[in-house]
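The same chain A turns up in both complexes below, where it pairs with chain B and then with chain C.
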Partner chain A sequence: MRRNIDIAVALGIVVALPLLLSSGSLASEVLIYALAVLGCNLLLGYTGLLSFGQGIFFGLGSYTIGLMLTRTGLPMPLALVASIILGGLAAGLVGIVSIRQKGTYFVMLTLAFAQMFYFLAYSVPSLTGGDNGLLNIPRPPLSAFGVVLWDNTTAWQFYAMVAVIFLLVFVALHRVTTSIFGRTLLAIRDNEVRASAIGYNVPRFKLLAFVLSGAVTALAGALNAMMVGVAPLANAEFHVSEMILVMTVIGGAGNLAASLIGALFYVLAADWLSTLWPRWLMLLGVLLVVISLGMQRGLWGLIEDGFLALTGRFKRTGEIRVEEKQV
Partner chain B sequence: MSVYLLQTVNGVGIGMLYFLLAVGLSIVFGLLRFVNFAHGVFYLLGAYFCFEAVRQGMSFWAALLVVPLFVAAVGWVAEKTLLRHVYAKPHEFHILITVGVALIIQELVIVQWGPLGDSVAVPTGLEGVVMWGDFIYPKYRLFVIGVTAGLAVLLWWVLEGTRLGSAVRAGSESPEMVSLLGINVFRLFSLVFALGAATAAIAGVLAAPIRGVEPFMGIEALAVAFVVVVVGGLGSFTGALVGGILIGVVQSVMSTLWPEGARLMIYVAMAAVLLLRPNGLLGKGG
Partner chain C sequence: MSAEFLLEARQVTKHYGKFVALGGVDLRVRRNTVHSVIGPNGAGKTTLFHMLTGTLGATGGSIAFDGQDVTREPAHVRVRKGMARSFQVTSLFPTLTVRENLRLAAQGVNARRAFNLWRSPQGHWSCAEMVDRVIERLGLRNQERTAAGSLSHGQQRRLEVGMALSAEPKAIFLDEPTSGMGIDDLDDMKTLIADLGRDYTVVLIEHNMGIVMDISHTVTVMQQGRVLVEGTPQSVRDDERVRTAYLGSMITGGRK
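Take a look at the complex of A and B:
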């Protein structure tokens, strides 16, 4: 039942975006960041891991597709697959080192690794273009055996391809989160000690979630590089990690449709407010404070409460753990 | 050879600043079990307040005394009005609220001083270099080593030798017990948080003449402070000192060997330490 609602919301937004927005790149941006947010949500909302390192995989995805499309003759779908695989591998590496640590230690490590990746990208300009980034990344059509199946020349054509990829990933992640694997992740999120006492190999599950998250985020980074035509050093900056995390939290952790709402809100607010007031990020800071103080289920929680109030059911579903602990 | 000696001394200088940055973070974590992601912006505020004070004609020396008090007040207010209300919540919300505070302050700094950086002149009397034989070293950097070493001793004395320090150390073990003994823990939390902000601000003031000011120096400093506490062990005073100096020396020596990769190497050093000692060099086992 819930699962159908989430998929319906995702499908509805994907179809509504072209009707409501005039810019195809803005619409694509929403879905691309939503992909990255899905990856982050899998960690934060389903496994209880707060990662400040998602920018690593986003940046890596951008660089990988840039290198593949400009320096090798690899077809575009395979280049995307390469980005996904590299993203997963990088997440595995970061995960092996950081998952041994718990709680805040883990969070600090992901942030440190994000900085490490930034300086790594900065110090190997032969691969990443250093400060300038990788330029002139093409947006090739989707073709098989020389036959063009889907042209990606206009922004809206590209949006259609991104939309299909997004929906595929969304449904796949839904299958994952509702599977036994996903339920185990939730058990780990809610009570790690108990999950481990029951006999689950907690670090292995966390690592798998991390790899999956890295792969999805790298895909988002790759699509982003194709959309803007460059893989800038800025894609590896800490700011990207922070942005992805903020979108996740604003939308609401622990629900996949909420991730899309979070990305939609952020990207549209950025587009609209940044022209009015360049320092609009301050409002995001305020929003984060408000969410931490009282609105812990994010925008999705707000929507859910509003919907339940309207339909006369004042029952809370309690998606996210609200655990009060005495100091 | 003397290049490496010089770079090692330089590294100790940078490392002492890193220590100062990390020790506040570490003490606050020890007592409040709270990783303060706004710690970097206290450093940022320290540097910018110093820049503004010097621009207004105040002497650097006065700024070194006054600015940390100002920043401590900012930290105190933030703790009283906002952070206090999330202590009972899961640690994700501790992080998110401090990230929110950090964003707000960073954007306020950009509103006030613009997105571009600026430089701060080395204070009068400390320009130039000292020479001992063929060993040449900038006076200001020597001064920074001296001040931070003095502060390290002072902090150590406060923590180990005063009533406040024993309350802080006892609070790190069990806030409930300290509270039962009649100490107002909430006041202690505010005080320690303000102290942490002040140490970060002193690091910011001292760093300003060396590296100038720019709005994104806060996040960079936060990441370095994390590396230092991860290497040294979180919640440990000596850990912050050892970690800070180690990371400073690595960065400084690597900047002669591989200038582009010097920043990268401090993170590589961190990863190496973690693989060998997951709890940091001086962290408690477990």
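Take a look at the complex of A and C:
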């Protein structure tokens, strides 16, 4: 039943955002980063892989949609699909090289690829616009056979499209994480050696998770470029990888609704606090320390415990939490 | 390749740089027997196990299983051919339930089916029959919904053996299944292993001589990366070289 709770939470937030926020762009930003965080969570929370390279796929998604919409006549939905496919392929390449390495070395390899991608983007201005980024990316309406189905002119119209995409991806990833494949990923996260000893080809499972993660992250990058009308070099920067990872940890790894909470918290905090106090990132640092020391299930864990305490079911025991509902 | 032996290892060696962990070991395991490998600490028992199950690659020699050469096969491929192992240090999926641990182990034989991104493990995908049988055999019916990490040590050791059982193997490799167990749990484990010897081929590393001498059909004694003696429990117990290797102390226990 927890599965339905997650989807209900996602649906609730998607519907509530337009009621609570005045800016459609801000609301879209929340969902776009939430998509990227879902991708990161699939790796960190479900497979046990810490990737510092998510910015590669985010940036690649931005550039791909930018090129497709400005230089080819490809319809917008197909341009999005192209971004997804390229993101998946790039993740496949990075994954093939990195995935067999364990722990620190895997992290370092993703970091190295992130840096290489940034300088690659910087050094081919004919494709990426270099320092200026790819400018004048349009936000075409969703149309079929010349009939406009959905106009994307206003920020809220665009939000509606992003919201539908987000919910589709959320439900699909939910299905994936509760599937036979997803359950096997949990086993790999828990104990790689044993997973291999009972017959699983561990690197292949990790690679597929990585490809899925890259594809979803590229979709987020593409939507981001459409929203701001630019594919800036900043989208390929290491900072993006870091931000996605921080949102994932703050929300709580290993739960998809937590990813949305993490992105929501980060994006809104950045928006509100940065106007009040330019050094607000320091507060974020404090929060990260608290989460890392004693609240490793993140904000989602806090909400869950709060809910259980309210309904009187909270038990502070040393017992290991059983992973989700078992079949 | 004879049908009499399920497993035949010839001149298996393992070198770590200049250090020779295994210096050419021959081991032949008869079908449907309990074959124990014993020896002092550092004799190379666990290393030999890693070679046989594919956890680590061998430096030299050959390993044949059920008539097929598996020397170069990685661990997950050997599982499909009917090898399953337990670990000396308990190695489970701690946040998953007992049932889920066993289901994953049962499904591992058909690991390719696990690339299904859409179906949840229900119905005939749940391997329920197999899992139920193993839970019954392990006596963990009341704990089936408990996270593996929350079980008592003795229960974890039994689940550890159960992980190997779920794969419906031809041979089960048990690496010190009683390690760290209390006296109360020892008898249960002994009964379990003896019971397994009737349905499967069991290769056992064990320090508890009581168990080894009571339930083994064949005992191989290792010392310094080589086979010292091999024979029935009785002949091994009476062997002078074995007595010297063990300084005459441990081997005396376990007379029926």
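General observations
In this section, the second predicted complex is superposed on the first by the 314 of 327 C-alpha atoms of A that agree within 3 Å, B and C clash if a C-alpha of one lies under 4 Å from a C-alpha of the other, contacts with A are read in each partner's own complex, and residues count from 1 in each chain.
Following the convention adopted for this analysis, a residue touches a chain if its C-beta (ideal position, glycine included) is under 8 Å from a C-beta of that chain, and two chains touch if they have at least 3 such contacts.
The shown structure was predicted, so the numbers you read here are calculated from the model rather than taken from an experiment.
By the touch criterion stated above, A:Ile7 is placed in contact with neither chain B nor chain C. Contacts of A:Val171 after superposition on the shared chain: neither chain B nor chain C is touched.
Ranked by how many residues of chain A each touches, chain B and chain C are led by B. In the superposition on chain A, no contact is made by A:Ala234 with either chain B or chain C. Legend: residue contacts after superposition of the two complexes on their common chain; A:Ile303 is shown touching neither chain B nor chain C. By the document's definition of touching, of the two partners only chain C reaches A:Leu208; chain B does not.
When both complexes are overlaid on chain A, the residue A:Leu26 reaches neither chain B nor chain C. By the touch criterion stated above, A:Leu186 is placed in contact with chain C alone, chain B being left untouched.
In the superposition on chain A, A:Ser196 makes contact with chain C only, not with chain B. Across the two superposed structures, the residue set of chain A contacted by chain B and also by chain C is 321, 323, 326-327. Residues 44, 50, 97, 100-101, 103-105, 107-109, 111-116, 119-120, 122-123, 238, 242, 245-246, 249, 279, 281-282, 284-289, 291-293, 296, 321, 323-327 of chain A are the ones that touch chain B when the two sit in their complex. Listed in rising order, the residues of chain B touching chain A in the complex are 29, 35, 82, 85-97, 99-104, 106-108, 110-111, 175, 185, 219-220, 222-223, 226-227, 229-230, 234, 258, 260-261, 263-264, 267-268, 270-271, 274-275, 278. Remark: chain A residues 175-176, 178-184, 186-187, 190-191, 193-202, 204-205, 208, 319-323, 326-327 touch chain C in the complex. If you check the complex, the residues on chain C that touch chain A are 53, 55, 74-76, 79-80, 84-85, 87, 91-97, 99-100, 103-105, 107-109, 111, 113-122, 125-126, 145-147, 149-150, 163, 166-167.
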